[in-house]
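A, B, C and D are the chain letters, set down in written order, and residue numbers restart from 1 in every chain.
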Amino acid sequence: MKRDLLLFIAFSLLIMVAPQFFEGGYLMNVLVFVGINTMLAIALNLLLGYAGQISLGHAGFFGLGAYLSGVLTTTYSLNPWVAMPVAAITVGFLAGLIGFPILKLKGHYLAMATLGLGIIIYIVFNETVELTGGPSGLSAIPNLQLAGIIFDSDVKNYYLIWGMALAVMLFSINLANSRVGRALRAVHDSEIAAQVLGVNARLLKVQIFALSAVISSLAGSLYAHTMTFISPTSFGFNFSIELLTMVVIGGLGSIYGSFLGAALLTLLPEFLRGANDYDIIIYGGLLVVMVMFMPGGLVRGIPALFRKVVEKVGTGHA
Amino acid sequence: MLEISGVTQIFGGVTALDAVSFSVSKGDITGVIGPNGAGKTTLFNIITGIYHQTAGKVLLEGKDVTGFPPERLARLAMVRTFQNIELFGGMTVLENVMVGMHTKSSSGLLACALKMPWSISEERRIRKGAMKWLEFSGISDLADHPAGGIPFGKGRLLEIARALAALPRIILMDEPAAGLNSQETLGLAQLIKRIRDLDITVVLVEHDMELVMDICDRIVVLNLGSKLAEGTPREIQESPEVIAAYLGDDD
Amino acid sequence: MKYRFTYLVVSALLLLATNVFAAGTIKIGALFAVTGPAAFLGEPERNSAKMVVDEINRAGGVKGRKLELVVYDTAGDATKAVQLATKLIKDDKVVAIIGPSTTGETMAVIPVVEREHIPLVSCSAGSKITDPVKKWVFKTAQNDSLAVGRIYEYLQKSKQTKVSILTVSDGFGASGREQLKSQAAKYGITVVSDDTYGPKDTDMTAQLTKIRGSNTQAIICWGTNPGPALVAKNVRQLGIKTPLFMSHGVSSKKFIELAGDAAEGIKLPSGKVVVADILPGSDKQKKSLLEFVKDYQKHYRAEGDHFGGHAWDAVMLIRNAIARGADTAPAIRDQLERTRGFAGIGGSFNYSAQDHAGLGKDAFVLVEVRNRDWMIVK
Amino acid sequence: MQFDQILQYTLSGLSTGAIYALIGIGFSIIYNATGIINFAQGEFVMLGGLLTLSCLELLKLPLWAAIPCAIVVSAAVGILFERLAIRPLRQPTPINLVIITIGGSILIRGLAMLLWGKDTHAIPPFSGDEPIAIGGATILPQHLWILAITLIIIIINKVYFYHTISGKAMRACSYNRRAAGLVGIDVRRMVLFSFIISSAMGAVAGIIVAPLTMTAYDVGVMLGLKGFCAAIIGGMSSGMSTVIGGLLLGVLESLGAGLISSGYKDAIAFIILLLILFIRPQGLFGKADSERV
């Protein structure tokens, strides 16, 4: 408990001083997106890593948040700070509603159903042209403002988004180590045993599905207000897969793992800049290799690898 | 305490249970025995709401609980353990037992995540309670070990501790001695008796006759889906039908 | 992990190295969708931009200074486009940016360049990029409205008033659909049916069957390869005799190759590049066009298309601005706005404070596919 | 509403549906033998088309030789995929399998992009492209090819699964893998077989459809998903129900695009998918099965 808190404080401090090292540079901009992706990866991880329920449609919830915020603040001139919770509650409610039938499904079937859901949402973004601007996108979404500060630069957005992301992290760490979090993990390990102990597995899964959608929606709203422009392509099937990759690479059921996965996958294209056409292969290859050789993700795999190397070196000398 | 009346289960044309009726009185240790395929585990699954029977009723403390899902039965203070222990392997031993206290705590999702004062104090209470049950089962030294890595025998004890943490009035155990060595079985017998002393009704399915005869107050014998006999251990041992159908069979 | 570290060190060294050499050169950034669904735009654009920068440098640069082109691939993704625009400005310190390839990406990048005061010469077609005019944003691709106007003008002349439109559901199709619907009334045309198809669809007979059942006099399909080729084939299969029009999105040999015989008789508005060799000698653009086609053939052994032309124009416009003495971002912007009568690939550019699109109707010619080649429709 | 319009919608729908059916059966075969939903199934459709193209243009093979060549190579890729990605998996949980087949599909698609580029390619029709009139509707000779080949494949399938030893063994695996293993069936071999058969079938689908729809490195994604919808409607059967599921899906899509809204055409397929999963997870024609819920 104490250790968790210390770790979190250390992590937060690191995040907060980080901008001192690359103030103003392009990396700041990438780090803003690392923040948004961290929120999304945590949202998916709560569902996939803790509750053991897969979703291949999370880009849809992310998009719903972004579009609701975007449309409410442009067409209906709502204050962004009002639009954001309105969007989140709406998305949470919708997710809860669809959650009951969809979470009855298991494994591959759940994967396909959520995938279908994501694609339907994507098509709706494309087709409701009067509302969303359709494939051409929605522009002139206002930046967030707080006490006279307009969040329109990378540095300001960095603090805004990482503030939110850290809050989501703390929220999730607390949740994971609580009565509800334990019940969730119990459902993941043995649904039947959890039920016998009085855990309403179905309700719990729906709750987490809705919570996960709410966090994704918040990330979507922040994305919309940071980018000030959104179009459907950012919320397609590919992005759902990218999120899944982040969670798996980082480590299922680890909040810091989600951060690692999000950071790696957001920064990776920067390293691969020279290998334009090859990045899709590296991407697919990474997914395959991780599942095969490091099923616990980076957050567990790296320490294990380290131990192995230390052992090898140790025995080598002996 | 628990009353089974006319429970019938048909799986795709095969009758697994045929109008089984018996009752369990409060504070007893009741054993359900029978050869393989007698329908013991099926019966347990029906009582605990995992299967839904084709016909018949289950009454818990006089209340008709037929068709209730397992989580609702848990709230009515009935819990069970499994034949192939179902531990939460990704969690520590202590956390496993803490899940057992689920019905005895109430903090919701938001309260937990936002660390509301009442949820913090509840968490403290859960931890304390769970520790107590670990001590009761004699495995408190394993509290911080991952449950996935402990020996099988300890896993049994953990599963029982976890079930007890739900403060049940009745506990059903599916073959608690399966896979245990004789030393561990002796310990188990002691534990089950201590559970009864807490005024918890125990129903168990078991193959280990020695154990059953030693600890049970009453025994129900199933054979091929029907009830064959019911009585005290002595009565069962002397029943000619049981000897013919079951004890004669060297199992 | 160690590997990555080495990689970092090496790339950092490389970066330093380029910076040293870069003294005296002028850095121009470029964002193209080289991969992803809009790769048919991004790839020729990147190729053309690189080619023309090489040519300029080989000829001694501009006013004795070499140009350096920094190209990033956006994969057609608006988020990436914004990140990379920031990277170009903050890390590479470019004085102007060319691209991005699609309207969506351009709209996403606009707030960045407006904030950072870097001129952007977009290669995408959406009218809303420069309407209303934004101080730092220019474009080279012809507005969709001009292409639509070309078709409608022709229909009006041949006294046809009822059209069916079939547009692809992506940014290109959506923008065309908007223009087709909004401009119809001006030419006395009514849109009798309005259908869309998905960019990955493989069969459009359902939409066309519906169109066949209407009393339409012309079918206008707005999309980029391969969809329109399928539409052409489906039209032929269904035995529809109504004249078929396409957009400038398919004015490349690739379309004729894909649609085969079904392409015969299809008319579409096109940049002049595909008919460069048969243009009348009086055409001001002819010289640029022939030069572009020849260079592209030489460099890439492929036919240059007008998408590549947008990037060519963008580089040349910036080059000319620099040649007029500008070497900082604000100066380049001001000089761009003073561009008059530049005969490029997309048309004759005349920018002004009120017009950052710069092209007139003559940017498009109406062409028809005949004998697997393009003919100019008079 | 005219009759010949409806006829045209139906005919177009049937030929698209036949392709969905072939891909759907591929899904079902692997699912039944292994319990895996192979998200890479669509990529074999892409491989079929593009490999045929290469055989025609690079190797200058005639069409009748290019097609089997493409099928064999696709099946070989299927073998590699099973050997390198599925078999060595240490923790074959459903989630890991979903992820690894997705990873595999991205990888295959990426390699195809490198090999064949990003362009769309046209493939000549098997026998001319003069439209054939049926009532008020018109179809192409290629449509007849599609329907005929689908029919032949279904018959071969039936013969294989019901009248050959290895087919029967495969069916045994699908009923109960453990029991099949106990009676001496080499389950791993059957798994490999299932990958070979379904990748070959995916390739056939890709080959016969390519002359109509053209082909590119990324055509597999949507077709694969639609094929999955067909399989779900058919209750994951590797026989007639999935075929009917595919045809039904094709016709509904085509009618939906013509009569309701062309923009929501793809949404129709997925709404059907969700409805079936919610209401009748055993498929339209199947008996209840506790596996899916």
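Side notes on the structure shown:
Rule of thumb we're sticking to: contacts are C-beta pairs under 8 Å (C-beta built on N, C-alpha and C of every residue); 3 or more make two chains touch, one makes a residue touch a chain.
Owing to the predicted nature of the structure, the values given are computational and were not obtained by experimental measurement.
Considering the contact criterion stated above, the chains in touch with chain B and with chain D alike are A.
In this assembly, B is the chain whose CA centroid lies farthest from the centroid of chain A.
Compare each chain's C-alpha centroid with the centroid of every protein C-alpha atom shown, and the nearest one belongs to A. Judged by contacting C-beta pairs, the busier of the interfaces A-D and C-D is A-D.
Centre to centre, using the average C-alpha position, chain A and chain D are separated by 32 Å. One simple way to say how far apart two chains are is to compare their mean CA positions; for chain A and chain C this gives 35 Å. The distance from the centre of chain B to the centre of chain C, with each centre set as the mean of the Cα atoms, comes to 72 Å. Residue positions of chain B touching 2 or more other chains: there are none. Residues of chain C in contact with at least two other chains: 35, 169, 196. Residue positions of chain D touching 2 or more other chains, listed in rising order: 221, 263, 266.
Here the chains touching each other pair up as A-B, A-C, A-D, C-D. Against chain D, the residues of chain C that register as touching in their complex are 35, 39-40, 43, 169, 195-198, 200-203, 205-207, 209-210, 212-213, 225-226, 229-230, 233, 236-239, 254, 257-258, 260-261.
Listed in rising order, the residues of chain D touching chain C in the complex are 2, 5, 8-9, 12-13, 15-16, 118-120, 122, 129, 131, 133, 138-140, 209, 212-214, 216, 218-219, 221-223, 253-255, 257-259, 262-263, 265-266.
The residues of chain C lying in touch with chain A in their complex are 4, 7-8, 11, 34-35, 37, 72-73, 76-80, 82-83, 86-87, 89-91, 103-104, 107-108, 110-111, 115, 126, 128, 169-171, 173-175, 178, 196.
Interface residues of chain A, counted against chain D in their complex, comprise 48, 52, 54, 56, 101-102, 104-109, 111-113, 115-117, 119-120, 123-124, 126-127, 237, 241, 244, 248, 252, 277-278, 280-281, 283-288, 291-292, 295. Put simply, chain B touches chain A in their complex at residues 48, 50, 69-71, 73-75, 79-80, 82, 86-91, 95-96, 98-103, 105, 107-109, 112-115, 119, 122-123, 126, 162-163, 166.
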